[in-house]
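By letter and in written order, the chains are A, B, C, D and E; residue numbering begins at 1 in each of them.
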Amino acid sequence: MSVTQASKKQTPLLQVKNLQTGFKIDGDYYNAVEGVSFDVDRKQIVGVVGESGCGKSVMSLSIMQLLPQGIGKIRGGEIAFEGADIAGLSDKKMNQIRGKDISMIFQEPMTSLNPVFTIGYQIEEVILNHEKLSKKEARKRSVSLLESVGIPRAKQIADEYPHQLSGGMRQRVMIAMAIACQPKLLIADEPTTALDVTVQAQILDLLKGVQEANDMAIIMITHDLGVVAEICDEVIVMYAGKIVERSTVDELFNHPKHPYTKLLMKAIPKMDEDVEKLATIEGLVPSIINMPEIGCRFANRCPKAMPECLSVTPQLGETAPGHEAACLLYDESWPENEKHHKEGVGLA
Amino acid sequence: MTTRDFIQDRIDSLENRDVLLEIQNLKTYYPVKGGFFKRTVGNVKAVDDVSFTIRKGETLGLVGESGCGKSTTGRTILRLLKPTDGKILFEGKDITKLSGSKLQRARRDFQMVFQDPYASLNPTQMVGDIIAEPILNYEKRNKKELEKEIKALLTRVGLPESAYYKYAHEFSGGQRQRIGIARALALHPKLIVADEPVSALDVSVQSQVLNLLKELQIEFDLTYLFIAHDLSVVKHMSDRIGVMYLGSLVEVASNKDLYREPLHPYTQALISAIPEPNTAIRKERIVLQGDVPSPQNPPSGCPFHTRCPMAMDVCSKEKPPLKEVRPGHHVACVLY
Amino acid sequence: MASSTTLTQQKKPERSLSPWQIARKKFFKNKLAMVSSVYILVVTILALLAPFLAPYLSPSPDIVKVNIGSMNIPPNSEHILGTDKSGRDVLTRLFYGGRISLLVGFSATLMVITLGTLVGSIAGFFGGIVDNILMRFTDLVLNFPFLVFVMVLNTILYGIVDGLWVLIIVIGVLSWGGVARLVRSKILAEKENEYILAALSIGCSPVKVIWKHLLPNVMSTIIVQATLIFASMIVAESALSYLGFGVPQSTPSWGIMLASANEPDVLQGKPWIWMPPAIALTLTILSINFIGEGLKDALNPKSLR
Amino acid sequence: GGNDSDTATEEADTDEGTADEKATEGEAQQGGTMVYGIDAPPEGLFSSAFYGIATDGEVIDLFDEPLIDYNENLEPQPNVASWETEDNKVFNFTFEEGVKWHNGEELTVNDWVFALETIASPDYDGPRYTNVQTIEGAEAFRKGEADSISGIEVVSDYEITITFDQARVNNLTNLWVYPLPESVLGDVPVAEMSASEWVRSTPIGIGPFKVDNIVAGESLELSKNEDYWNGDVNLDKIIVRVIDNSSVVGALQNGDVDMISLQPVTGPEVEPLENVEIVTYPGLSYYFVGFKLGVFDNETQTISEELPKYQSKELRQAMMYAINRQEWVDAFFFGYANVINKPVPTSHWNAADDSELNTYEYDPEKAKSLLDEAGYVDTNDDGFREDPNGDEFVVKFSHYATGNPTFESRAQAITQYWNEVGIQTELEMVEVNLYYDMIEKDDPSIETFFGGWSTAADPDPSGLWKADQLWNYPRYNNPEADQLLDDALNIDIVGTDQQARADLYIEWQKIVNEEVPMLYIAELEEIKALNKRVGGTEYDVSGQNNPAEWFVTE
Amino acid sequence: MLKYSIRRLLGMIPMLILVSIVVFSLAKMMPGDSLSGEIDPLNTNPEYIAEMREKLGYNDPIHIQYFDWITGFAQGDFGKSTRFKIPVKDVILEKLPNTLFLGLTALFITYVLAFMMGMYSGRKPYTIGDNAIAGINYIMLAIPSFVAAVFAIYLFSFKLDWFPFGGSVDILVEKGTMEYWFSRLHHVLLPALVLGAMSTASYTQFLRNDIIENSRKDFVRTARAKGTPMKKIYNVHILRNSIIPLVTFLGFDFAALIGGAIITESIFTYPGIGQLFLESILSRDYPTLMALTMLLSVLTLVGNLIADILYGVVDPRIRLD
C-alpha cells in the first residue's frame, strides 16, 4: 500500500513524451511539434515561451486534443495524464477529461466566449457536462465561481452576455469556467497577451490565487519573459516545434544557456537599465513546410552557429541540475565543446 | 562614452533646441450617434484637454492603457482627425484650422508609422508604389531617379532592393513595418508619429524595428512622438514620457525621472504592474482594482480617482491640472 | 552575419505576383470555374458571331422573316433545332438570343455596378450628411418592389426609348441599391484599415484615396457581386420577357423564345422551341454562378494575409 | 354549323363532327357533374347588367337567361317574353307565368322595369346604357328630370308596353332584355349595386342552374335549378374553374375539364386527344388592316382633314391582292378562321355573298400591275417602289403587342407580303393599351393598323363606319355609303322587311368591298372542346344551346 | 423595443410619402387607362367612356388627383377598382389570404429544407452528401422560376397527377372543414415549392458556409475544451450563431415572396396578389395597381423593420432602444 502510494506520488501529473503533431498541407503532413517531451508535476506552474509560430499553441492543443479536425493530428508520442495515456482516446472519452481534469483558457477573451449565450449559461454548461446537478444548482455554483474570480455583481453578470463585459472581466469568466470542476491541470495559452498591463497584473494575481486554492498545475504559455519570471516554477523554451531549453525559473534567468534564450532576453528593453541598442535575432522562425531536416533548427539565425550545427541535430541534455538545453555547445559528447565553453557564449 | 552618458548628453542638448510641436489644451471627441435620425447623443472624450510640447530631435513617448486616447492624440496632431478644441502649433504655425489643400501641403512635414503592419499597407499596391506615392503627391519626379531613391531608402530600412517590385503580402510583419517606416521617411518629414509601431511584433522583431527607428532618428534628425502601451519600450525609445489615462495626460517627465520616481499613483501602479524578466527583483505590486471607466462618461474630477489607492474626497470633485512639480517633471495630482 | 543571410535565403520566385495575379492563378486552378468560363466564352463568341454564322446554320438565316411554309418543324438536318411558330430557325435565334440576353445582362450589370459603386463609395467615404442623404435615397430605391416597378416603368417607356434599352435602363435604375449598400459597408470596413489613414497622411486627396486605395480593395467584392448581378439580370430579362414586359417581341432574346412556352401547344407539343433557350439560360446562370464562386475563392483577401 | 349559306365554314367543319350531329347522338342522362372551363379568372361581376369581361358573361349564361333569345340566323326569338309590335316603336311584351328566380320569387315585368331603370339611372356605372337609351324618356330619367321612364308602361305582372323614342328597325335587338331581381336589389342604391354581395357572391338568375358557391377568381359551383321553368335540367352540378392556357391540353387530356372554349392555336393540339371532341361554330368577329384616311375632330364629330398617303384606291387594292390571306389564316389560325371580303360576319343575314363581291384572290402580279398603273414604281432601283411623285414610299404598319408572341409574327408576315410586291413596309408593335388610344386619337405615327371588331346580333355597322363616328377608325368618308346605312335603319324606307334591309346592306358592302378603306382579312370561328362524355350540346352563331339540355354519360 | 418599433414606424412615413409620389406619378405616366380596353361596339359607346373618364376624375388636375388619392389611402380607402367595381381594399383582402398562405407555406418549406440541408452540409462539408446538396442548390438557383413552374406542372400535375395544376382550393369541399384545409394545402404545395426554391438554395448555401465559418471560431474551441460533445456544439453553439443572419432574412423575404409570386401565381393560376397585380397592369386598373404597389412598398419597409427587430431579439449584442 505504501509502495503504491509512494510510486503514485512520483508519477508526474502530466507526462509528454516525444510528442509529434502535424498539419495536413496540400495532402502532406508537416510537423509543427517535433519530439517534445516534458513533465508537469502537481501544483507546478510550467511556463512555455518562444516566438510566435514556434508551436506553443499546437503543443497545448495536442494535449487537449483540440487540434482542428481533419487538418491537425497527433502523429506520435505519448501523453500520459496521471499515468494513463490519453493521446489515443476517442473524442467521447476525451470529453470526460476536458473541462474536468484538464481545462484550458485562451488568448482572446473577446472571441473565446460564445456571443449569444449568457455568461451563466456558459459556465453552467461545463458543470453540467461533468456533474449530475440540476440547472439551479449549477447556476448557484456558477455565481459563486464568478465571485471567486473577483467579478462584482456576480448574480447579475451571470445573466449578461459576453459583449457587455470588458476584456479583463471576460478573461476572469474564462478562468471561472476553467476551474469550475476543480481540474488538476490548467493550460493557459497566452491568457494575458491581449490585456493591458494593469489588467494583466490582476489576472496573474488571480491565476496564482486559484492555483493555490485548487491545487492545480498550470501550463502557462506566453511570449512574455516577464510573465514567466513572475509566476512560473519551471520554464520550457520552444523554438520551431522543439524544446531548446528547460529549467527552473531562477536558473534560466540567471544562467541562460541556449543562444536563442539569451537573445530573447536581450531583445527586450528593460525598465531598470538603459541600452542604446537591443539585441536582435535576424530572420524568421522557419515555417513548418520548410523545416531543416537535420541540424539545429535555430542554426541559420544563430550568431554562434558553427558549420556542424547544420548537420548535427542537438539533443536536449542536462547542463546543470534541473537544467537542460539542446545545443551543441553544451553537448558533452561533442568534442569541441571545451573550446566554446572557454570562449563563452553570448553577445558582445 | 557609455550609453548612459550618451543619453544624458542628448537630453542636455535637447533642452536648448527649438520647440517643434506645441499642443495646447487639445480635445478630441467622437460623437456618439443614436436614434433613428442619427443625432449626436453624447461624446466619447477620447482626448480631453491635453497639452505638451516636443522639441526638435526629441522623442516624446506616450504610454497608457488601451483606449486612453493615445492614437487619437497622435492622429489629431497629424490632423487626420479634427480637434474639438485646443491648438496645435507646428513650428509656431497654427495648423488646427487648416483644411483642404492647405492641410494637404502642411502634411508633408509630419508623417505616421502605424500599429498594424498588416492593415497599414495597401495590399493592391507594389511596395515601390507605396513608398513613391507620398513623393508623387507633392512633386513631379523623373521615374528612374525616383526608383533609385526609393531603392536606396529600402536598403536603408533594411530591405533588399528587390522588395521594390513586391507586394506587401510577401513580407513578414517586421518587414512590413520597415516598409511603413520607409513610406513615412520618403518625404523627409520633420515629425514622425509612431503609433504603437512594435506592439504587433514578436520580441525579436520588435528589437529590430526599435533599433532601426533609433538609428534613423539620428541620421535624419527626426522628431518622434512615440506611442506604445508597453512602458519599457517607451522608456527605451523616449527622451521624455507622457502617461495618459482616460484622455488626460497625468504625468510628463524625462525617461529617467519617471522610472526612478513616478509621482502619479497611476504611473506608480503602471510601473509596478510590469512583470520584469528577472527573478532577482520580485517587487511588491500595486494591483489596481476594476477597469478603466468608459470615456463616454468619464468620472468627474480626477479621471483616475475611481481606481486610485490614494483617492481622497477632493479627487472626485476637481480635475487636477498638470503642474511642474520638479524641474521637467509634470504631474496632475492633488498630492503634489 | 553574412553567413546567416545566405542561410535565411529561401527559394522564392524571381518575379513576384500581384494580388490580382495570384487570384488569377487560383482561379485558373478551379476546374468548375474554368469549365464555366469556357462555356460563357463560347456562348459569347457564338452570340457575337451570330450574324456571320447564321447563313451556315440554316436555310432561313433571317431572324425576323416569318416563313409561313416552314413553321413548327421538329429538329431535322436542315434545321438542327427545328423551327418555331413563325418558321424561324431555332438555332439561329438561339445564337441571336444569346446576344440580346448577354447584352441586356451585361449592360444592366455595368449600369448597376457603376451607379451602386459611385453612390456607395461616396456615401461610405464621406459619411455624415452626404451618407445620410445618399442612403435614404438608396432606401427609397430599394423599397420599390423590383418586379412591380420594372413592369410599370417598362410599360411607360415602351415606345419612347428603343425597346431593348428601355429594359436595360429600367432594371439598371432599379437594382443598384443593393450594390450601393454593399459597397458602402465594405468601404466603411475598409476605411478602418490604417492604410487609408496612411494614404491621407501622405497627402492623397479624397478622390485619390477612393480611387487608388479604397476601390481596388473593395473591387474583389464588387467583382463577385457583379457576377451575381449579371446572372440575376439575365434571369430578370427572361422573366420579364416571359411575362410580356421585357424586350420587344421582335428581338429574339432567350426570354422571348421561352415565352412561347406560354402557349399551350408549345409547352407539351413542341419542346424543341422552348427547351434550347431554357437549357442555354440555365447553363449560363449555372456557369456564371460557378464563376462567381471561383472568383470569390480566388479573390478572398484572407489568402493574402 | 347550323348556318345555311356559308361554304367556308363547312370546309372547316369537314373533319369534325358538327354541332348538329352532336346534338342527336346519345341519350340524355340525368345527373352527374360537369366541369366547365374558363380561360381567365372571372372578375366576379356576375350580373349581365354589370359584367365587363367575357368569362363573367360565360358564367352568367349558365345561371341566367335573357327574356328574348336569338336563333341560328340571329333573329330574335321569344324566350321568357314574347312580343308584338305594329310599327317598331311600341312593343307589347308578354311574360311566361311561373318563372321563378332562384330565390323562389316569381319573375314579373317589374323585375325588367327595375333593370331598365337601374341601367338608365345616372348612378349606373356599367357600360350598357346604350341598350336602354332609345326607350322614350330614358334620357330624361337619366338627367333626373323624371322619376320614371315614360316609355315603360306596366300593364300587369306579365304584360308590359315599351315605347321607343322613334321607330327603328333594330329597336328590339338593341333593347336590354335581362331582368334584375327587384326582390333582392330593390333596396340597394344603384351606385352600390355592382359592388354588392348579390353581384359578387350570391348572384341569382332564372336559368337552369343556380350558383351555390364561389371561390373568388378561380371557381364556382352551380347546381341544378329544380324549379326551372323551361323543361328538365339534366346535370346535377356544373363546376366552373379557371384553366390557364398553358394547362388546357393537359387538363382536357386528364379529363379535368369537360367543356372549354379554345383558342385557335390550341386546336391542333387538342384534336388528337381521344377523349375530346372539338366543335366549331361561326363567330361574330373579324380582323382587318385599316388605313388612316383622315383625322377625326371629336368636338364637331366630323372628319376634319383628309390624309393623302393612302388615298389611292389602286394602292389599297394592290395591298389587298398582295396578301395571301388564305395562307396567312391557315398559318396563324390553323383552319379556325375564314378569309372575308366584307366587314359583315358571313353568318349574319345581311351578309353579301362572295359571288357579289370582289374576292381579291391572292395575286401578286395583279398587285404589281395595279401599283404600276397608279404610279408606284421603283425609280431608284432600290428594290422598292416610290410614290407617284418619285419620293420614298414606306408603309408604316402597326400591330398591338401583348405577351402573345404570335402577334409579332403574324404582323411580320403581312409586311413581308407587301415587301414582296415592292412596297417597302416597316412594322411597329405598339403596346396594346396605348394602341387603341393612339388609333382613336389619330396619332400620326399610326398609318396602317391591324384591328379586330366584334359585332352584335343586330348587324348595323353604322357605329363603326359612318363619317361622324369616333370608332370609324379609318376615317372612311363616303356620303353615299353613309346614306345606305341610314336608309337601312329608316323604317320609312325599309319598313319591317328584313330582306329590303339586307339589300341595302349588301349594296353598302359592295362599295366598301370595292374601295377597301380597310383590308378585310378573316373572321374567326368559335371553338369548343368537349369531353366525349358530354352530350346534349348544340352550338350556332348565336352561341350555345340551353345548358339545361347538357348531360354527361359515365 | 416597443419604443424602437414605434419610432421606426414613424420614421417610415416620409419614405412612404416619397414612395407614394413616385407610385402615383408612374401610374399617371402609364399609357392608357382602365377604359382603354373597353372599346366594344357590342355593349358600349364613346360617350359612355368619355363620361366615365370624367366621373372617375381622370380629368382633374394632377395634384388634386394625388391629394384625393393619398388622403383616401391614409384613411384606408384605396379607391374603387375600375375592373372589379368594388373597393380595392375588398379586392385585395379577397386575394391576400391566398398569397399569405402561399408565401408562408413557401417560407416554411424554405426554412425547413434550408435548415435540414444547410446543417447537414455545414457539419459534413466537402463530403459526397454536401456536394450533392450543393449540386441541387446550384441547379435550383440557375433554373428560372417560370421554367421550373412550367416543368413542375407538366411533371407533377399532368404526368404524375400528384398535385392539382391550378387554383387555390377544390370548390367541392366545404369551407372550414379539415378537408378544406387539406385541399388548400394540396393546391399550394407545388407553387410554394417553386416559389421557395430560389431562397431555399441560397439559404442552404448561406447556412452551410456560416456553420463552417462559425465552427472555426474560438468559442467552439472553448466549448470543446469544456468537454461539450460535438453534436451539442453544432446544434446549440454554432446553430444559435448561424440562425441570426438567417432569421433576419425572414423580414426581407416577406416582401420578396409576394413580388416573386407574380410569376408563380400567374403560371399556377393561383388567385392571389401576384396574379391580381399582373392583371391590374394589363387592364390598367390603377386604383388596384397603386394600392398594390404601395402595399408592397409598405411590406418591404415593414419587412426591414421586422428584420431589425428580429435581429435585436436573436442577437443579444444588438440592443434596440
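Here, a residue touches a chain if its C-beta (ideal position, glycine included) is under 8 Å from a C-beta of that chain, and two chains touch if they have at least 3 such contacts.
These numbers come from a predicted model, not from an experiment.
Enquirer: Check D-E against B-C and say which one is joined by more contacting C-beta pairs.
Expert: Top pair by contacting C-beta pairs is D-E.
Enquirer: Farthest chain from chain C, going by mean C-alpha coordinates, please.
Expert: Looking at centroid distances, A is the chain farthest away.
Enquirer: Taking each chain's centre as its mean C-alpha position, how far apart are chain C and chain E in Å?
Expert: Distance between chain centres, rounded to whole Å: 25 Å.
Enquirer: So, what's the distance in Å between the C-alpha centres of chain E and chain A?
Expert: Distance between chain centres, rounded to whole Å: 55 Å.
Enquirer: Taking each chain's centre as its mean C-alpha position, how far apart are chain A and chain B in Å?
Expert: Between these chains, centre-to-centre, one finds 33 Å.
Enquirer: Using mean CA coordinates as chain centres, what's the chain A-chain C distance in Å?
Expert: 52
Enquirer: At least two other chains touched by the same residue of chain C: list those residues.
Expert: Residue numbers touching two or more other chains: 155, 158, 242-243, 245, 261, 267-268.
Enquirer: Enumerate the residues of chain D that touch no fewer than two other chains.
Expert: Within chain D, residues 246-247, 250, 402, 431, 433-434 contact more than one other chain.
Enquirer: Enumerate the residues of chain E that touch no fewer than two other chains.
Expert: As it turns out, chain E has residues touching two or more other chains at 30-31, 150, 154, 158, 266.
Enquirer: Enumerate the contact residues on chain B facing chain A in the complex.
Expert: Residues in contact with chain A: 3-4, 6-7, 65-66, 172, 202-204, 206-208, 210-211, 214, 229-233, 235-237, 259, 269-281, 285, 287-288, 291-292.
Enquirer: Taking the touch rule as given, give the residues of chain A at its contact with chain E in the complex, in rising order.
Expert: Result: residues 64, 66, 68, 91-92, 94-100, 103-104, 106, 108, 111-118, 125-126, 129-130, 161, 163, 174, 177 of chain A touch chain E.
Enquirer: Report the residues of chain E in contact with chain D in the complex, numbered from low to high.
Expert: The touching residues are 30-32, 36-46, 48, 52, 55, 80, 83-87, 90, 94-95, 150, 153-154, 157-158, 161, 165-169, 171-172, 266-269, 271, 275-276, 279, 282, 284.
Enquirer: For chain C, which residues count as touching chain D in their complex?
Expert: 64-66, 68, 71, 85-86, 88, 155, 158-159, 242-245, 248-250, 256, 259-265, 267-269
Enquirer: Quick one: in the complex, what on chain D touches chain E?
Expert: Within the complex, chain D contacts chain E at residues 41, 43-45, 50, 52, 125-131, 194-195, 200, 213, 215-221, 239, 241-244, 246-247, 250-251, 253-254, 256, 402, 431-434, 436-437, 440, 453-456, 463-464, 470-471.
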